[in-house]
Amino acid sequence: MKKYLILQKNIQDKMREKATTLYLGPQHPGITGNMMVRLKVEGDTIVKATTEVGYLHRAFEKLQEKRNWLQSFTLLCRFCVPEPDPVEESYARAVELLEGREVPERAKYIRVLMLELARLGSYMLWYGGQNGSLGLYTMGQWSVGDRNYILDLFEELTGGRIYHMYIWPGGVRRDFPEGFEDKVLRTMDYLEKRVKDYDDLMFDNAIFQKRTQGVGIIPKEKAVEWGVVGPVLRGCGIRSDIRIDDPYEVYDKLDFEVPTAEGGDIWARALVRRQEVRQSIKIIRQVIEKIPSGDYYNPIPNPQKWTLPKGDAYARTEAVRGEVGIFIASDGGTKPRRVHFRGAAYVHGITLLENLLVGENVADVSAIMNSLGTCPPEIER
Amino acid sequence: MSFFDLKGTVKPLTALKQFGKKPHTISYPKESKEAADRYRGFHYNDIEECIGCGNCSTICQNAAIDMIHIEGVEGKKGDSGLRPRIDHGRCCWCALCVEVCPTGSLSLTKDYLYVSDDPDSFLWTPGVDNPEGKDKISFYTTNEISLNDFKRIPMPELEGMERVKSFAEVVLGYNEEQARAEASRCISCGLCTEACPEHMHIPEYINAIATGNDADAVRIIYDNNPLPEMCGKVCTRRCEDVCAIAVRGEPIAIRWLKRYATETALTSEITREIVNPEIKEANGKSVGIIGAGPSGLTAGYYLALRGYDVTIYEANAKAGGATMYGIPKYRFPIDSLDKQIEYIQSIGVKIHFNTKVGKDISFKEIYDKFDVVFMGVGFPDAWSLGVDGEDAKGSMQAFRFLHMVNSGEKVDIGDKVVVVGGGNVAIDAARVSRRLGAEVTILYRRRVEDMPADWEEIEGAEDEGVHIVPQGIPIKVHKDEKGHVKSVEYLKAEMVPDERGGRPKPVAIEGSNTIIEATSVMAAIGQMGDYSFLGKEFEDKIKIERGRFVVNDKQQTTDPKVFAGGDAVNRTADAISAIADGFKACKAIDEMLSKDKN
Amino acid sequence: MDELKTKIIERIKANFQDATENNSFNYNRLDFNVNKTTVPSILFYLKDEMGFKHLSHITCVDWLEEGELELIFIVWSPVDKIKVFVRTRLDRENPVMDNIDMIWRQAHTYEREFREMFGIQFTGLEAPQDFLLEDWDGPPPMRRDFHTEEYASETFFERPGREDAGDVREEIIKRSGEEIPDFAKKYSR
Amino acid sequence: MINDKNSQKIVDFIQNWARKHSIWVLAYGTGCGAIEIPPTMTSRYDAERLGVRGAATPRQADVLLITGYLTTKTLKRVIRVYEQMQDPKYVIGFGSCTINGGMYYDSYNTIKVLDKYLPVDVYINGCMPRPEAVLSGFAKLQELIAQGKANGAQKYKDNLDWYRENQKKIIPNWVMPEYNW
């Protein structure tokens, strides 16, 4: 035994002398999408991490300069595939801010419903991803399977499972189909039952606890400055949510809580998300209860000749990953002068991740990335 | 946390309670879930309903839609004959094409499955390649959720009873904001240009108005129409009949937009400044034109621009022909015609007024003096009713009546007027009579919906209190002792479907005689030409058939040196056709004469 | 809200003479136009003295016709709940800007992107040249004088089989014999 | 015996039958289509019924899913990954972008026609394809394998020069190991 320990120490010393470079991605099952993290490791401790992105750069913002204000809207949902609705929402609201277009009350409620359903769907995917990154695959089978029921609702309402292209300037594209409210409520009942099962499997699981507690800690006093947003920031014990701070649509008329957790580690972030799933279900129930009747769409003019006044606007939405914003600038023409997307992953996935990974274990990289909500298509656009 | 965490180890095992439960797996392909009622799958296009406007192809941000010729679809007015084909290697199923389809023929279906090892097999013509899609339509538009704006911006007008007090212009015209909004409805498909006899560049000038470049709009309009203000007010606007938006809504107000554009140029000098036409150097050739109506003025204007020496002979004191004397001034005020005539004269067109060919100057003289002669002589005479008592005092031609009123003469019509006919002339005569203070009844052989007059005009007449009696055939005009009109007797008619498939014919019902009291009767059942001015020599040379000159497709009569246009040539008998004739003749004359030169 | 805005304007104007404000928004937004040399100090001031701790966004707009690039920094105060836009203009020919990644580390990423996409040089920025692109030797692609369709059609293949596509307007023109003058063509769709 | 034509047929049949029922998919989400892979693989659609499951590394994988557009930067990695894969290997193209560029047809950074760079065996229609469509894509691949028609890899070997030429047109800085063909 003693001999073995000496041998191990020798190996570690050798390693320290010469740090190894380890490439994680772009083809790697643990990475959250098509990106790469270049790790300098000593033993299995990371001493330096550099992210490399650009594998998904489609130049959306360039393409939007060539498309008119309505055509641009169809590209938006591809910005972040797991949760496209906040992007559509931000764009729609930015255009409405710039143009001064009114949105009917019913449309606002439908939008909130869409956003919350998208949040739920995205969290379901996160459940799978976060556990998958720790080798707990049952959770993925459950939550990603259950996510299909939310996608079914989307399909019913918008006509598409993943790409909804539903929230557009002026309101939403279609009204509820018949009997949709009941379906939503039934799905919520089902999910409520299921999240309890998830708790048993995930939060009470010793493996999950041990692998997440104390890993990837973000210091509370630095969090805002580092650009941390969303559930990750709330996991540092800071109560910050755009839905409350900079309220949009009808969130100020709905009753919900913003959960926080102390610690700033993966575990705390997981706890926040666990609560948020419940809050989302609560919001959806309220929306179904309170939704007024009336118009769902304030029609835009002929899209070929639709111009926006000169100026710019920035609208942001609270997504699962945090602040998702769209900046638009108009030169008074039928096409945007500039559309610029701000995703939470732009900060989380690059500077924050590079910061956090230092000193961590190679095996935890995937778990940390998942807990930050790193979404490469959002970084690169 | 202790090293051995009992709860944490046991709790996950509760997952075992799922054991033995029926899985929620959809075991595709054995079973498959039906797509939602609103699913955005493959396209389906109703080929019959589609008019090939190409709006889907324009909105597609992926350039996925091509407009192609397909078998069995021929182009006609209001249908380009092209149909969309979707490249599924581009499509993203956003359904914007469905939302902007003006006819609603394009929709998406529930089908979405297509797997192939051949990448070239992803080009589909919806509706042709998937006829079965008709039963699976899922994502479609209705009038409520379309991205097209089907509601026209209402034209501000004088109130019905306010109008009859004077000859003030009824239609007030769009202001800038209204014009921009109306122009923004246009989808720029260009189907309208084919229906326009003159093929004006309609999508282009509407687009110029929509983007706020009124000057460019005026320039585009003057490219092939020197009388746009007249057209903007009184055109029969066939373009609006074939407007793509009109399939499900109200057509774009093309005429009113043209009117708006030309009104931005307030005077003839400003028009000259804006249009700034390029006038070619004089080439020494001369053209004589008979009649300063729309066709003559058009030919004169464009020939003058091309460097010809143009002289127009006009019998009346003012230019404009039927548009001056046949159209009442509440529709087309004199000063707006004057403005255009002034502009045309400023280009170098010489007009000799009060010079009737055949009386003041002989046709032979003109024929010999000029290199080419163009005749835009119009129809100066009208058909008579052909019933008993038509010679009574107070029985007149509506056409003559309008002529007299427009040239400022006083006409005594009494207080009860009966107008016979259903065309624009009948309605005009009726509305003018209203303005002169008479009670007016229009007697028409067919139903109101069969009236050839503009529906706007008919509505306007009704607003002003004109009484319309449809399905009435006049048989006699009764005279009083002094030989003055006393009443009109007519038979009621019923509509009998035409065996040959034409429009239904009115057949008089025996014994249904009805009498309306009247102080004047006006016949407005058509006009005819008077070609006596030609003289013996030319009547043989220039062939006339069924009251009209015979011309080839270049407006050339049987005498190669003589061209003709306007009402005396075409059957449509409206101003825009006359302008088209004039323009065509101008091009042909230019071609002929410049060939001579070489 | 108006009170707060006036207070912010007063404080900023007292400290930065070249700042001009735009207070025409009826929601929680306030704009300041400054010279590019003032940008780091005004951002520092906003962050450390006035509580604008959160950098929401940095964006760049290419005003090709005016020959300028506009940089816009959007900062957010979690306490006062207000956004402040700090705007500055750079010369398009030679865009040089001070590096601000010591104020907010995440600005580093934005700067790398703008260097690559707009060709803005940030003095003192230490980062590899490539960010999103690899082996790119064309002009900065987000500049408006770079035409992506032209580049794409030159560089990449297109699947054949769509050459028979017609144009509705041209089809109509062919049938009716209409002649559109050149100056009108820009208005065709 | 083994050279006998009939027995070769039998061997091929058995080989193809076995290949058909164990399609291992490389876990490389190259584009947005990757979002429908988790639902396909998990309990609701459960692709493992068809023998489809994930593989972590190229050496063990049979199928490379090109889930949508490929940027030029990813193309380089994808080519490398593809060349590392062992025979038998297949490529499935997901959705519009692999066929004719999709909505990125005028983007300066994505390739438009995938089969100019890699041999593609099956294309799935959609943007993005639903799990049903993905499964029917696999079913089609199985069918092609059973018929012995899924021979993209052979095509790649035969026309390597042509593929290389196209690839190098996009990737100017070609620093790639040549794999032993």
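All chains are identified by letter, namely A, B, C and D, in their written order; residue positions are counted from 1 within each chain.
Throughout what follows, contacts are C-beta pairs under 8 Å (C-beta built on N, C-alpha and C of every residue); 3 or more make two chains touch, one makes a residue touch a chain.
Fair warning: this is a prediction, and the values are worked out from it, not measured in the lab.
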Item to check | Nearest-to-centre chain - CA centroid comparison | outcome: C
Next on the checklist: On a CA-centroid basis, which chain has its centre farthest from chain A's?
Outcome noted: B
Next on the checklist: Distance between chain A and chain B based on Cα centroids, please, to the nearest Å.
Outcome noted: 55
Checklist entry - Using mean CA coordinates as chain centres, what's the chain B-chain C distance in Å? => result 47
Next on the checklist: Quick check: how many Å separate the C-alpha centres of chain A and chain D?
Outcome noted: 29
Checklist entry - Residue numbers in chain C touching 2 or more other chains? => result 133-134, 141, 146, 148-149, 159, 189
Next on the checklist: Two or more other chains touching the same residue: where does that happen in chain D?
Outcome noted: 43-45, 73, 99-101, 103, 105-110, 113, 127, 130
Checklist entry - For chain B, what residues touch not just one other chain but two or more? => result 24, 58, 61, 87, 89, 92-93, 119, 188, 207, 211
Checklist entry - Drawing the touching chains as a network, do you get a line, a ring, a star, a complete graph or other? => result complete
Item to check | chain C-touching residues of chain B, taken from the complex the two chains share | outcome: 52-54, 57-58, 66-69, 75, 80-82, 85, 87, 89, 119-120, 123, 188-191, 193-194, 199, 201, 203-205, 207-208, 211, 216, 219-220, 223-224
Item to check | Parts of chain A lying in touch with chain B, wherever the complex brings them together | outcome: 67, 70-72, 74-75, 138, 145, 152, 155-160, 163, 165, 173-174, 177, 197, 200-201, 204-207, 209-210, 213, 297, 299-306
Next on the checklist: Residue numbers of chain B touching chain D in their complex, please.
Outcome noted: 23-29, 32-33, 61-64, 87-93, 112-119, 122
Checklist entry - Can you list the residues on chain D that touch chain C in the complex? => result 72-73, 76, 99-101, 105-113, 116, 166, 169-173
Next on the checklist: For the complex, give me every residue of chain D touching chain B.
Outcome noted: 43-46, 49, 93, 96, 98-103, 105-106, 113, 115, 120-127, 130-133, 135-137, 139-140, 144, 149-150
